[in-house]
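Listed next: structures, encoded as structure tokens.
In what comes next, subunit A is part of two complexes: it sits with subunit B in the first one and with subunit C in the second one.
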Partner chain A sequence: MNDPLIIAGTQIRSRFFLGTGKFSSYPLMRDSIEASGAHVVTVALRRIDPTQEQENILGFIPKGCLVMVNTSGARNAEEAVRIAHLGRAMGCGPWVKIEVIADQRYLLPDNAETIKAARQLASEGFVVMPYMNPDLSDAKRLQDAGVASVMPLGAPIGTNKGVLTRDMIRILVESLNVPVIVDAGIGRPSHAAEAMELGAAAVLSNTAVAVSPDPAATARAFALAVEAGRLAYRAGISPSRDNPEASSPLTGFLH
Partner chain B sequence: MKTSFYEVMTRAVPEEGRPCDIPGVLEKETLSEADFLSLLSESALPFLESMAQKARELTIRHFGRVISLYAPLYLSNYCDNECLYCGFNRKNMIRRKTLSLEELKREAGQIRGMGIQHLLLLTGDSRSHSPLSYIQECVGFLKTIFSSISVEIYPLETEEYRQLAACGVDGLTLYQETYDEKLYAALHVSGPKRDYRFRLEGPERGCRAGLRQVNIGALLGLGDLRREIFFLGRHARWLQHCYPDVETGISLPRLKRHEGIVFEGRTVSDREFVQMMLALRLFLPQGPLAISTREPYDFRRRLIGLGVTRMSAGSSTQVGGYGSGEKTEGQFEIQDKSSVEDIKRMIAEKGYQAVLKDWQPL
Partner chain C sequence: MRVCLNGKEMDVAAGTSLSDFLKTMKIDGQRVVVEYNGRILAASRLWEAVCLTENDRVELLSFVGGG
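== the complex of A and B ==
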């Protein structure tokens, strides 16, 4: 089936994106990326240590992967922009996932600051993917700012609760022209499949893979679930309904 | 002007006599202060293993399988205080020293050579021997070679914290030592540290000044353990609530016998220590928890996976202790003398990764 995901002119080989934090070792992280076939991997700039040759995280990312720096640690737009600039100066390329988190307890994104940062970085030529709370008006503002995709959360980060924002994600998918990539809260492969069935263009996971007893196998399971969910969406499988439809229609006699 | 934690704390009356439903508390996603009290109580002791399992799960979920490493650097041990539990007590006839910039460079080079990227700068409480201008000068140099710098110095005014933040300081560590105001008065015989409230409100001022992290703690063994931890947990949650953009962390220093210490306090057992740590983790799932080299290697190894997220490594508590020349006596006895490499290996053996760089100076 010809169903490419193209972002900023790049054809993305897998609709499963993997975050690289929280792993117990870099080799395990590398094995998970390879097992999943993920093409896009996110790396927190704060963890990149160019002074380290042997223990530099970038050295463990398989060749052919697209590294997207994230601005983890930014508390406002200004810091996110500075982190993005530092990432580019380190040679990490123009792809940046904006994360602006001003609440350390719940780690929820600050949409207003995210929009500010997105406007500036997009105008500077970055390929911008903002992590956000799934609010339609804000998502449209981000789209107008020139982002390459939006990355709404499925549930609060690290909670593994699944697609709690299901209805909002569906509304974003229906309303936006840019791809919707569900990020955060995806705890199980079945959650990832659910997000894809809703029409998400891709799913990003980190915690659920990194802290599982077998990260490589879990990463592979996620990638397969994402593929299955995409196939289901394309096949037009109807979403589950709150009110079941009778198999014998009441108005059948009119035909 | 926001209320200060002092006002919140002095109004606090823990509910007495409530029956403790520990299994019920362990089912909850968010704990109330009454739940926290239950976990601190003796009735939680039979449930220590269940608490540990949940603490481990929460810690891995929020922080991943990683432990951040840092090292302390003592700039000066001159002190104007007479604190009965501290080796730097001004009455103690010990060798006093403040690092010169040249010595600082040598010390810093040694620490950086061990691979450490996160530095905690310490001084005694003496504005005359280690004035803010001196600390700023040190930070000005250190920020060129370390990726994150925190300070553990005498409490400052908000504007002074702002100046430190502007010159490159990310974090503040300030222990209240004891939340018991009467005991505090008895233990701090003379010196500027006698001002209980000014110290208690230091972390708030640091938050207001724009620091990224504050780390608070009580010196375990001084006051009634459970009361101290209760107020410590409340303090942390209050800071989180009022200053959500600041990462509020907790340290659990345990008072150890050492030369020059007048007040030896009471011994906190490993079992008590673990219970307190687990209760804090369950009450504050997102709060970083630090354990220093005050604790021995074996104990620190066992604490990994129970809620700890930060550890010091390769530490010296002496001024000049990393080999810049003459050194002083230490502030406290280092129990875990392992090298950074040994600690990294130990962390890896426990199925975790040691993270040396977790911030990028902007």
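== the complex of A and C ==
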């Protein structure tokens, strides 16, 4: 089945995107990326500690991966734009995941500031992938701003609660032209499969993989679940019904 | 003279170039991005041309794991 995911003219080899945070080591992170076959991975930008020797994370990201800087740490559009510019100056290309979080309790994204940052960065030629709280009006504003996708949360970051926002995700999938990539809250492969069954173009997970007892195996499980969910979506999901209907025909001899 | 590196004040000899400043701290120029008084200085040749002055703000950043 020919079902490519194409974002900003680039064919993405896997609909499973992997975040690189929270891994206990860079080698474990690398093994997880390889085990899952993830093509798009995210990184953050932080101050270095000049007193400490630090490994270069890029040395542990397999060649051929598309590295997308996230603007985590930004509390407003201006900070997000600043981080995007810094990330691009580091040479990681024009892809940027806009993440603007002023709310430190629930870590929910600020859609208004995200839209502001998206407008500016899209006009500067960035491939903008905005993390957002799923809201149709805001998603349409982002689409109009020229983003490459929208990335609505399934549940708050790090909660592993799954696709709590399923009805909103379905509405976005039905209403938008840009790919909908569910990001945050995806705690199990079955959550990832559900997101794909709803019609998401891809899923991003980080915490569930990085903190699992076997991150590489978990990463592979997620990738398989994403593939299964996508196949099911394309094949057509049977609707649920209230009245049971037998799967086998009547016997004709017992009753 | 005092300059601010990654939010912390430090003493630096007057006339030090940004590139010497990084060398003294053994910073690998390949894996950092430099923001100097709010401006991104992407190329290392630019670092040689910059002479630090009192109260300069230098940010040194690099990629780390993130979701």
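Following the convention adopted for this analysis, the second predicted complex is superposed on the first by the 230 of 255 C-alpha atoms of A that agree within 3 Å, B and C clash if a C-alpha of one lies under 4 Å from a C-alpha of the other, contacts with A are read in each partner's own complex, and residues count from 1 in each chain.
Just so we're on the same page, contacts are C-beta pairs under 8 Å (C-beta built on N, C-alpha and C of every residue); 3 or more make two chains touch, one makes a residue touch a chain.
Being a predicted model, the structure only gives us computed values, none of them experimental.
Student: Based on the superposed arrangement, let me know which partner A:L204 touches: subunit B (first), subunit C (second), both, or neither?
Tutor: second
Student: Between subunit B (first) and subunit C (second), which does A:E79 come into contact with in this model arrangement: first, second, both, or neither?
Tutor: first
Student: Once the structures are superposed on A, label A:A89 by its partner contacts, choosing first (subunit B), second (subunit C), both or neither.
Tutor: The answer is second: A:A89 touches subunit C but not subunit B.
Student: Could you say whether A:V43 touches subunit B, subunit C, both of them, or neither, answering first, second, both or neither?
Tutor: second
Student: Classify the contacts of A:S25 with the two partner chains as first (subunit B alone), second (subunit C alone), both, or neither.
Tutor: first
Student: Once chain A of both complexes is superposed, is A:D103 in touch with subunit B (first), subunit C (second), both, or neither?
Tutor: The first partner, subunit B, only.
Student: Which partner chains sit in contact with A:E174 here, subunit B, subunit C, both or neither? Use first/second/both/neither.
Tutor: neither
Student: For A:L58 in the superposed arrangement: first (subunit B), second (subunit C), both or neither?
Tutor: After superposition on chain A, A:L58 lies in contact with subunit C alone.
Student: After the superposition on A, what does A:V69 contact: first (subunit B), second (subunit C), both or neither?
Tutor: Only subunit C is touched by A:V69; subunit B is not.
Student: I'd like to check the shared interface: which positions of subunit A are touched by both subunit B and subunit C across the two complexes?
Tutor: Dual-contact residues (subunit A): 21-23, 26, 45-48, 86, 207, 210.
Student: Give every residue of subunit C touching subunit A within the complex, in rising order.
Tutor: Interface residues on the subunit C side: 5-7, 25, 27-28, 30-33, 35, 40, 42, 59-67.
Student: What residues on subunit A touch subunit C, complex-wise?
Tutor: Of all residues in subunit A, those touching subunit C are 19-23, 26, 29, 42-48, 50, 54, 56-58, 67, 69-70, 72, 85-87, 89-90, 92, 157, 184, 204, 206-207, 210.
Student: Going by the contact rule set out above, which residues of subunit A touch subunit B in the complex?
Tutor: Against subunit B, the touching part of subunit A is residues 21-26, 45-49, 52, 55, 73, 75, 79, 82-83, 86, 102-107, 158-160, 207, 210-211.
Student: Under the stated contact criterion, what part of subunit B meets subunit A in this complex?
Tutor: 60-66, 117, 147, 212, 240-241, 244-248, 286, 348, 351-353, 355-360, 362
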